[in-house]
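Two complexes follow with chain A in common, the first pairing it with chain B and the second with chain C.
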Partner chain A sequence: MAFENRVDIDHSVHDIRMEAIKIFEEKGFPTKKDEAWKYTSLNALLKNDYSVFPKEESALEFKDIKKYFVHDIDSYRIVFIDGVYSSHLSQTSHEGLDVCIMSSALTKPKYQLVIENYFNKIAKKDDSLTSLNTAFSREGAFINIPKGKVVDKPIQILHFATGKESSLMLQPRNLVVVGENAHVQIIERHQSLTDNPVLTNAVTEIYTHKRGIVDYYKIQNDNQDASLIDNTYISQQQSSHASVHTFSFGGKLTRNNLQFFHKGEYINSTLKGITITEDKQHVDHSTLVHHATPNCESHQDYKGIYADRSTGVFNGRIIVEKEAQKTNGFQQNNNILIDDKATVNAKPQLEIFADDVKCSHGCTIGQLDDEALFYLQTRGIPKKEARALLMYAFANNVLESVKIPEVKIRINKLIAMKLGVNIGFDL
Partner chain B sequence: MLKIENLHASVEDKEILRGINLEVKPGEVHAIMGPNGSGKSTLSSVIAGNEDFEITKGSIKFLGEDIDALAPEERAHKGIFLSFQYPVEIPGVSVTNFMKTAINESRRAQGLEDMPANEMLRKIREKSELLEIDRKFLSRSLNQGFSGGEKKRNEIFQMAMLEPKLAILDETDSGLDIDALRIVSNGVNRLKSKDNAVVVITHYQRLLEYIVPDFVHVLLNGRIVKSGGKELALELEEKGYDWIKQEVAV
Partner chain C sequence: MAYTEEELKKELETKEYEYGFYTDIESDTLPVGLNEEIVRAISKKKNEPEWMTDWRLEAYRAWTEMQEPEWANVKYKKPDFQSISYYSAPKKKPKYESLDDVDPELLDTFKKLGISIDEQKKLAGVAVDVVMDSVSVATTFKKTLAEKGIIFCSISEAIKEYPELVKKYIGTVVPKKDNFYAALNSAVFSDGSFCYIPKGVRCPMELSTYFRINQAGTGQFERTLVVAEEGSYVSYLEGCTAPMRDENQLHAAVVELIALDNAEIKYSTVQNWFPGDKNGKGGVFNFVTKRGLCEKNAKISWTQVETGSAVTWKYPSCVLKGDNSVGEFYSIAVTNNFQQADTGTKMIHLGKNTKSTIISKGISAGKSQNSYRGLVQVQGRAENARNFSQCDSLLMGNECGAHTFPYIETKNKTAQIEHEATTSKIGEDQIFYCNQRGIDTEKAIALIVNGFSKEVLNKLPMEFAVEAQKLLEISLEGSVG
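Showing the complex of A and B:
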């Protein structure tokens, strides 16, 4: 892929992009030889000849895509179609906060300082896919919440692929800056509307300042021809709270690289996920919480339900630096294999260099409990529905920390849909 | 209503039931007693359709129909209810929502519409009052963090909601204090009618002071070795099971 001549040289981030190209050229796409990619292969995906910059623009009507939004809540919306910003589907704002797009943030002088301070600062520079995105991303969400601002409604970021191109690669780039005492909730979704292959290589950088709160919900329910590599990097200042909930139900291959970096004391980080897969789906959660400061907490809880020949990976890394005394780091990963052919590779990695810490991890791989199934059946609930109820119960505690009720309802519906049952898991 | 003939059942090639004969008619209360390991819980599981057990010989008829091949939920839809000794915890699903699901799945199986919400709520209120169940209890996750007594009371609440023709109560008295025992028994007695039947499976005579049986059967080594009236339970309480073992041996 000859990208070089497509780089926008006028951007203030030109040097950063050139550097990123170099790194990507050196490293190339990751292979199974890389320890971090041991169980996830991109080979099959990279056989497609992706268009990187779509030639023509597509339009979509809101009524046709309404169902992909959490549409029963008032929200800000940032919508992209084949990587291009759609102003008529979006509802942005510059009143008391900035909910807009990267392309304008990168070009308008008033954002120059924010870009200089935050763009590509926490994203991992030696990561080849992150570098690929850094080099060629043109668009994404730019969210800048000033000090003390509690955002009145959630922000939804949606990416649609229309299939105008026979195969499409998207490189969205999001930047979220949450000021002191500010609070924001974000819902993100990638949705392909076509059978043509789509590969999204997304990078999101999130910065929370003192006592800032960010709650991020990733709804991954794409169709079976779409794949996603999500790289999310979060930098937290003192007493800030950041949570990321990842709901992985759809997509052909999904890789979530989720990394938290602590830059102050009394930080709280929450990483939770529910994964439900079937057919030959593959979902990989690779998490990192880097405790570098004292008195911080992190909570990880990932539940996975794997059917058919689907495969899963949980690679959860916690690093506790020598300085990070009184760290509380919890990690839980529980998996259910529905079929004999389904597999999951779970690898908790705790690297602890401080001596006064509380860290725990638990990892289980099992099957549904036959006795519980029988119990539900004796109450007249058919086997299929009974299994679904048990799976729901298994994954339930991940939903408890979802703060937007409508998101919780939506996830409940998606779980019911995914499990092929018509029971309302309303709470 | 229930007719069991020469029933043999095994789990993993180990025979547990070795020729059970039992007939339960509408309006009757039967008690099945026996020492640990005699096959009491297996019998209740097999009647309710637990697939872990294989029926190797004999038959189970319910309302004149052979039910051997039916799934547990199909038996439930026909009116068989099993109260568990160890009810299962279902986090995230409230008692109320669980009952809605159970009732509506049964109705769907019978080609009926879902029960209207107001009717459902009225029924839940009525039956929870019967079992002296607090409203707050109904919004808790099913069996999660329930005490032993709460679990059992909740089992009988479910029975009240589902209105089965045949209720099998497996060790419902275990883990109950005297107040809970009174509430649970009272609930069962209030639900009794000439059209339904109850099979009480128990280790001790205590429960039978509250739920008075018409017949008492003694289960030993997978067979019913003695049947009698309610006085048999008292005799067992007094003398234990050894005399029956000796009697059978002779």
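Showing the complex of A and C:
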């Protein structure tokens, strides 16, 4: 293995990595023949000859990248440049909580127990891309919130690609452990700063203990040469709340694999997303909520607006096991097609083995209401703005549950930008 | 009287298959196994022209290179295709002039089924083409139909009498290489029905066929072809019950519907093949390919009530090729004990202003698994396509499963698609309300299930609706919510 000298071989994780390499070698990259990848092809991306470990490190000035942060709030920051941790841009902490990086968590003895208990435990072992990450990931965020700790400010995780390599593949690996009654908010963003192709294959594992609360925001507004495959696995204990908001506006190809696993009763899971695409963008949301315990609920709400030749995929799955009585599982997916060449493929699935449940899913594909558009125009709102307003209203359900006001403002701005209008949506 | 859940469950479990009996009629059966010789032999036995033999052989060769599909959400022991006899026909020929000549045992069979031919004859408007183990033995009302120019006969007869029609349309909607079971059917189909409605004719009666699997170890491979010429209308009914059998029986039918400009075809099915006993032993494998093609302004409507079969794998589809064409799919699928059903529809929107409606009701009880699998596809040129889908599932007991796998693919911005699905159980409050009004629990369940399925039952022709309702009751009696 040429990569072996780059990753730590002495560690217990080494065995996990070796196994993962084997699985990836067996399975290879997913193709359209795999049911889960029926509508998303990686072929175009895999043509590039990616360098997996960049040869030289690069530095960035904060002023150049400030705009990619949610900078008007105080926050912890974990910043990576071309996959390498940048300490001078970051603001980490070990006071009462751990906001630091995977490489130190993997090597420092005091974290050994956490790594043994949580690393690669919930991530799907037979998934080829996850295995690829497990095998070759070097760095990522490590967040460990002890029992009862309410984190005072949000944590931002940022990945920058500088384009020093002609094409770069990044494999960040994050681990988030939230203790009993603890509460944390995380904002994650991947940003390429050049036109050189970048492929990110990220894996995030999140564990919430009893009554823990996690709010995770994924802002995906990368440039058109960057692609992202995001694999997020969330394990929830009793009475915990976990929510993931995904805002997919940019990127050439974005695939979000988001999976929730329930390990206790009275769990609440929220999965929401807004997707607005143009050109030849391709965004694929593939979700799974695995209800294995009684009295839990899950809410999924994904809105998509697709322009030009872009493609949207929604592949939502709710599984309700026999034991999971009194489950409430809801899934909603609404799509608007703006242009003739835009495509939407949706596959909302329910697999239910328990009888005393309330589960539903709804999926629609349609257009803006002409009459509403006309009404707004009669009130003196130009057509373009009127359309933008309607689209904003369409997506607003998802925004309402965003708990960090600055993030909401940021998303509002991004939506306005994406829709090409200059109106603030702080209505 | 208190009727407890336990009692109900017990009653249901011990309920034997009411229509399970076996008619002892001498059959003319080919040796088991499948090879080119068998395909030739089937073709020869039916005195088919050469083009048909070649067609079958081509399908057979394609089949040998195909893999049995595994994507459906069902588990079963794959049938051994070499241990099936591919042809069996009642020996006593030629055809009967009147009912008196018919084998009394056969008549008795129909009596048990409650579809005695005498009754059917009297029931104005229903012509029954009885298919008993693959060969049509009685055809009624043929004269009335002939006056209108309507052809309604067995497919083997059609191949001989109307070769140009069969040649023109067979395999156009379901190509012989379409899928594993369609290819198998194309190679070995023993008989089936052919129906041709000339231009502008409204078929004056509901056409119907009853299929039965009778001979032990005989796979049934029916082939149905319905052609509705421009501006014509036909309502076609198909109903099935099969006698009790221990080994699994294979049923791989192909149904092709062709609705030319302004034509309308209504195709209704009540399927009650033997579902296996309460331990999941035996039962029919029902792997069916049904598809209809709509030309301009045409309409095809599928209605199905699926209560039987151990394993069902069935997706009646509409290809909405012509502008303004309409496709409809109404389905009730009931599974009990160890039954597995993976059923749904495909609506392929190709033409402009095409509309489709999907209403699917799944009811699962016992240890059964019931899946809806559907595809709504809007192609780039299908302006203003409209689809509404609704899939509701009702679960009875906590050992069964209800699953929904809808696929929605849209390539046109003017498309308007809605899909919704719900899963629920019969509410205790609903039952309590009924009890309180003096309706016992069993009746209450029947009432609620009936209400749940009403939307679909209403779409069935009158004669069928009665039978379907009866079937629902039989299949679910005692399954407690």
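We take it that the second predicted complex is superposed on the first by the 419 of 427 C-alpha atoms of A that agree within 3 Å, B and C clash if a C-alpha of one lies under 4 Å from a C-alpha of the other, contacts with A are read in each partner's own complex, and residues count from 1 in each chain.
Definition applied: a residue touches a chain if its C-beta (ideal position, glycine included) is under 8 Å from a C-beta of that chain, and two chains touch if they have at least 3 such contacts.
Just so you know, these numbers come straight off a predicted model, no measurement behind them.
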By the touch definition at the top of the document, which applies to A:Glu385: first (chain B), second (chain C), both, or neither?
first
First, second, both or neither for A:Phe374, with chain B first and chain C second
first
Name the contact category of A:Glu35: first (chain B only), second (chain C only), both, or neither.
second
Could you look at A:Asn397 and tell me whether it touches chain B, chain C, both or neither (first, second, both, neither)?
first
Quick check on the superposed pair: does A:Leu158 touch chain B, chain C, both, or neither? Answer first, second, both or neither.
neither
Which of chain B and chain C A:Val178 touches, first, second, both or neither
neither
Name the contact category of A:Ile365: first (chain B only), second (chain C only), both, or neither.
second
Report for A:Lys347: first if it touches chain B alone, second if chain C alone, otherwise both or neither.
second
Write out the stretch or stretches of chain A touching chain C in their complex.
35, 39, 322, 325, 335, 337-367
Chain B - residues contacting chain A, complex
45, 48-52, 71-73, 75-77, 80-82, 84, 87-88, 90-94, 97-98, 101-103, 105-106, 109, 158, 162
Chain C residues within the chain A interface of the complex
71, 378, 380, 393, 395-425, 481
Interface residues, chain A side, partner chain B - complex:
369-372, 374-383, 385-386, 389-390, 392-393, 396-397, 399-400, 423-427
